[in-house]
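The letters A, B, C and D name the chains in turn, as written, and every chain counts its residues from 1.
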Amino acid sequence: MGDNSVREPVITLSAGPVAAYQQVLLGMARPVHYDFDPYFQEFYEQVVGKLNRALKTREPALLLHCEPAVGLEAAAASLIGPEDVVLNLASGVYGKGFGYWSARYHKEMVEIEVPYNEAIDPDSVAAAFRKRPDIRIVSVVHHDTPSGTLNPVTEIGKIARAHDALLLVDAVSSFGGMDIHPYDCHADIFVTGPGKCLGGAPGLTVVSVSDRAWAHIARNPKAPRASVLSLADWKDAWHHETPFPFTPSVAEVNGLDAAIDRYFAEGPENVWRRHALTAQACRAGIKALGLELWAAREAIASPTTTALRIPPGLRDADILAAAREGFGVVFSSGRGETKGKLLRIGHMGPVAEPIYATVAVTALGGALRKLGFACDVGAGVEAALAIIAAGR
Amino acid sequence: MGDNSVREPVITLSAGPVAAYQQVLLGMARPVHYDFDPYFQEFYEQVVGKLNRALKTREPALLLHCEPAVGLEAAAASLIGPEDVVLNLASGVYGKGFGYWSARYHKEMVEIEVPYNEAIDPDSVAAAFRKRPDIRIVSVVHHDTPSGTLNPVTEIGKIARAHDALLLVDAVSSFGGMDIHPYDCHADIFVTGPGKCLGGAPGLTVVSVSDRAWAHIARNPKAPRASVLSLADWKDAWHHETPFPFTPSVAEVNGLDAAIDRYFAEGPENVWRRHALTAQACRAGIKALGLELWAAREAIASPTTTALRIPPGLRDADILAAAREGFGVVFSSGRGETKGKLLRIGHMGPVAEPIYATVAVTALGGALRKLGFACDVGAGVEAALAIIAAGR
Amino acid sequence: MGDNSVREPVITLSAGPVAAYQQVLLGMARPVHYDFDPYFQEFYEQVVGKLNRALKTREPALLLHCEPAVGLEAAAASLIGPEDVVLNLASGVYGKGFGYWSARYHKEMVEIEVPYNEAIDPDSVAAAFRKRPDIRIVSVVHHDTPSGTLNPVTEIGKIARAHDALLLVDAVSSFGGMDIHPYDCHADIFVTGPGKCLGGAPGLTVVSVSDRAWAHIARNPKAPRASVLSLADWKDAWHHETPFPFTPSVAEVNGLDAAIDRYFAEGPENVWRRHALTAQACRAGIKALGLELWAAREAIASPTTTALRIPPGLRDADILAAAREGFGVVFSSGRGETKGKLLRIGHMGPVAEPIYATVAVTALGGALRKLGFACDVGAGVEAALAIIAAGR
Amino acid sequence: MGDNSVREPVITLSAGPVAAYQQVLLGMARPVHYDFDPYFQEFYEQVVGKLNRALKTREPALLLHCEPAVGLEAAAASLIGPEDVVLNLASGVYGKGFGYWSARYHKEMVEIEVPYNEAIDPDSVAAAFRKRPDIRIVSVVHHDTPSGTLNPVTEIGKIARAHDALLLVDAVSSFGGMDIHPYDCHADIFVTGPGKCLGGAPGLTVVSVSDRAWAHIARNPKAPRASVLSLADWKDAWHHETPFPFTPSVAEVNGLDAAIDRYFAEGPENVWRRHALTAQACRAGIKALGLELWAAREAIASPTTTALRIPPGLRDADILAAAREGFGVVFSSGRGETKGKLLRIGHMGPVAEPIYATVAVTALGGALRKLGFACDVGAGVEAALAIIAAGR
């Protein structure tokens, strides 16, 4: 509030940063402890242990003290060496974007690109390997947030592993909101963070790195050290007797700890279920409003974000502003290529609750109508309700 | 608490991360808003405005969403180009360390190194310029935290400016705790953060960049873009209509806002005064304990950290453990070169209060005595008290 | 969460305690200061000053360190003496209930009681005075929360004042959510608190006491002292040099301070407007669902709570449970006489936002339908939307 | 901060309200849930269960939603009937004060009063019973905070029980800081709260009531109902299916939950030990300063508060102000009869740590010296240190 001329939003249904759980916010207000003090060092090791339980992995989870885009840049810098042929899978803005980071480090890149409302076909990955058996690294985004679409990382992972390639998975906005873990998809590097489905703050990256990936990094002559781009700097930092290479973001770690505790207290399956049901109800409502989903088919629509096509003649900024002014509800626009083409409704963390699907439909419908787009909001809400009634 | 086998500390007198003010902790628990929402965008611009008021600068302050060591690495990567001759001033571990980052980017480095309990002599800087008029960039640490010593950045800045060189100042652990600002020392890049004297959390960097420095970065063909190491990515992000290049650390910005508000509510001069008085009292107490200050002379001892030599025959880890177990009080060891040689008592943020000088003397004296080192704790406390009585 | 077998609610639309603003929750986490310390004493006086600004009164506002029901009991005990004839106005459970407290202290009580979906007619008050000119005290509830109905306190106040009677107004769940203040209604005792429309916690009472009321209390031989039931104990406690008679609820005062600051930061008129619009939209939606409002006519329906009749054949507990299980949405049942007859939807504090009117309609409609009550939820949402569109 | 002309204190060593643990402050910032929602009702029952574990009792603990002085007034009002002869044991201001409340309800009071630096002798209690076998209720303060002295409640309890009298124990500022529980002392009513040794906020009362006491209340024709003074109103409120008679102070209950969790996480024995060691070190330091303890002998000095005589010629307000201005350290003055005669240093909650004993000695010594009282602060700190070294 205060000096701000803009009203504070009432309900944030963004694709991230997302509204955080109160438990996490209060977690971030815990004391800031000195990172070399044994209390904090032991606490940090415990947090890593909890992350391993959440990720279902054995190799100590890696924390990087920046947001996940930095984590992905660091993963590219650390993993991809000058001898590496990379297969980059681009079904959206983030997938495509990873290729630019890769380009700084790789020997050569093969890319499979599909329309940004589509998903990567595992067969095309298999075909790429047949053509280029020297592919050493495969990079893929699980949930390409700017499109709200999922890639079949489990199938892709099997193929990559069969060809002994390393798989890098961006699971930033899917992990914690659905049933996906590093081993599920044979990920060698699996990047996520607390600021999306875990309902935390956005300034931290969680990475799972396989032993194979660590070995590859160790052999990479260009892998950075003494740098924010180095994964290796932080490899052993999880151990309570190992000093931190740089200063960890103490408050963010406190918040992450609260987020993971909350995740387990509710039960991961319960968390995933309400994310899925919310998205399903939202999609039904959006369609009943007379709108079109962005995803080419519902099977690839993410349970954590719903993207919809902007009706012809309307502008994203106007719709966002109308929803904001009329209802205090925040949605996300597209990004890069998808900017101006779609709008996104986030279902992550505390708003991954079916009632918020009806809020989204109501506020979006109300906003569109104000801009002259005829739509049946009542029908939209009813459609969402039908899904909720069936799902509960 | 909870599962931790180590007791939570009672009083943290570290050299950073430091105990945060309650106002800042609660600031970090404010709602996480969506970074593209106009409310957050306007808020961000307001925070930058407050930072400018605190820094006494006109160029919009730059926020980087990582801890200040990353900010320094990014400053090196962005500012130092392949044609640049750098004069690196090394009076401590951090000053020396900057040279390693510089080495990745510069054409050549001239270095002035002094013993790590000493300060850089401005005359030596003038002499270096006479010898190497092609020096283009000067890098200096104001308060080299691992030594607890100050460099005369104001004098150094005058010389650099007179030679039209760009000055990069690491003021991470001095700004906010004493009277130093970018224009005071002709800094072209001035790096600080909320996690030291402002009593905030450590995951954010504040940078002041002069127009001259921005021009130099613009001319640097190797200056990174689309990278965590890029200053330029974030140059215009302060403006409420400019989208963020990557996700800002929303909670950390919330905390910073609270830290700056608190700084002004108390009054900067009042803040500096209590930092100085606390350090002065602490030094008096340390000497009266029969210990030796690390700084070659008191004039260069920092008002924000007091470093003392470890008495012969004792080990830093033992002293820290004894203070921790006996009193719940946390101190810092040295770092790199100074590790094992000195201990550090932080006077930053909420513990920059004279009473904590007596706490430090009491807990340190009690710990040393337990390890067999005879010292007069009563005399130490009395010496600190004499300073406090005179200073209030 | 944690051990709780019941899911934490998603959205609370209760008639109080209500969901608190985040600013207030964080206010309650400020340090607990010692009540005799000058810092707290000055802070307390400042809070009282802010309350006076909010109440638009001159006599220092009184804080009682218990919830408002205690405040009302204390007001009865303090004000009503053994010689007093009280006119008790009962249009609901709370109005009726005050008579029981009055009975402990008064000489005699005259009561005007109307059906609990009705409001007191000022003419009946005037008539009562004509019949019993010895009426000395009039007690009335502004918003009788268990009915969601308003009484015309301004008109009643004029009549009371004209007859030189003292007026006691329970404004617990109206002040802060609509345009009502002590002087507006000639209240001599005006009781409210932070836990309703101000969006705070429920453990504190704010009382405005006129000089006439203080004089009456001073003359009351039975007015308690050294008791939780004494107003007089706390009369001068607002002054920073006056010691507190008992321990104030420091954390609650901290929260109240944050609540008042927030109230002014948004602007009282803005706050009232969104309360009113939310209630209006909610009533329209409820009616379009095919439900009946409890209030005999909309003019007396409160802008801070909407009460609706439970359809024949349904039970309140079943509806509440269905809304809770299906949507995580919390409503209130009736209380006392109105229990089992009505349900209540709160519009107070952070949920006094039009979008929550649609949430209420959706969740209530969905719940009713699940219990076999046919209702057109779509029509309900559309009706609410029409009001919102017209009101913004 | 903000508008306050007085500096916020640095360290609060008061006798209550005391500085709260950060865990408790953050507990108070948890969501405010609706008291009739099943989530809150189940939570409330769980909190009562934890209290029973802490109190080591079987009868469901009673929560009253006001500070403990109200709890004591309510206990008097509920328990003491018009046929009851009360033996009031007065060794301090609070013990004496209880007699005034008793006087409103009892038939007759027998009082044993000792100087306020003394403790009640159990033999005198036995003698009173011999003389007046009709004594039905015995009231005693365990730790009479304004004197910092303990009464032998365990011995007194045995005598009361032997005579079939009911015992009311005020354990507000002892429970949680030392090894005392209702059954230990045969207490029939045992009053305490979160705002002292548990390091919580002051707005709540915890009462343990024996079945014998409930039976006596049930037989008391004057026991209040529908009143803040009624214990019976709240008797069954602990059960998750029982509605609350009035609104509970939700945020205070949230804070209490955090306080109890913290108490068990540390371990009660550990908590008591550090309270005792802090007080012992403080007493040693005070004596070495040349000051006199208030307690007639150290055996009756409380482990949770140290009271000391004000040296002749000095005024309490001046000493408090000097400690506050010189060091930001807050102490408590006396109260009532002890006001002006003694000062008090609290050792409760987070400051019940030995290092704060040295803080107290330093700040008090420094303050006294400033006022012209010669004292050897060094000796005081050394004396405290000697105790700490021996105790750890």
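Just so we're on the same page, a residue touches a chain if its C-beta (ideal position, glycine included) is under 8 Å from a C-beta of that chain, and two chains touch if they have at least 3 such contacts.
Not measured: the values here are computed from a predicted model.
Colleague: Using the touch definition from the top, list the chains contacting both chain C and chain D.
Modeller: A, B
Colleague: Based on mean C-alpha positions, I'd like to know which chain lies farthest from chain A.
Modeller: Result for max centroid distance from chain A is chain D.
Colleague: Select, from A-C and A-B, the pair of chains that is joined by more C-beta pairs in contact.
Modeller: Of A-C and A-B, it is A-B that has more C-beta pairs in contact.
Colleague: Taking the mean of the C-alpha atoms as each chain's centre, how many Å separate chain A from chain C?
Modeller: Computed value for the inter-centroid distance: 44 Å.
Colleague: Using Cα averages as centroids, what's the distance between chain A and chain D in whole Å?
Modeller: 51
Colleague: Roughly how far is chain A from chain B, centre to centre by C-alpha average, rounded to an integer in Å?
Modeller: Spacing between the chain centres: roughly 34 Å.
Colleague: Listing for chain C: what residues touch at least two other chains?
Modeller: Within chain C, residues 22, 25-26, 29-31 contact more than one other chain.
Colleague: In the complex formed with chain D, which residues of chain B make contact?
Modeller: 1-2, 10-11, 22-23, 25-26, 29, 262, 265-266, 325-329, 350, 353-355, 358-359, 362-363, 365-366, 369-370, 376-382, 385, 388-389, 392
Colleague: Of all residues in chain B, which touch chain A in the complex?
Modeller: 3-9, 12, 14, 16-20, 25-26, 28-39, 42-43, 46, 65-70, 73-74, 100-101, 195, 201-203, 226-229, 246-252, 255, 324, 330, 332-333
Colleague: Could you pull out which chain D residues touch chain A in their complex?
Modeller: On the chain D side, the touching residues are 22, 26, 29-31.
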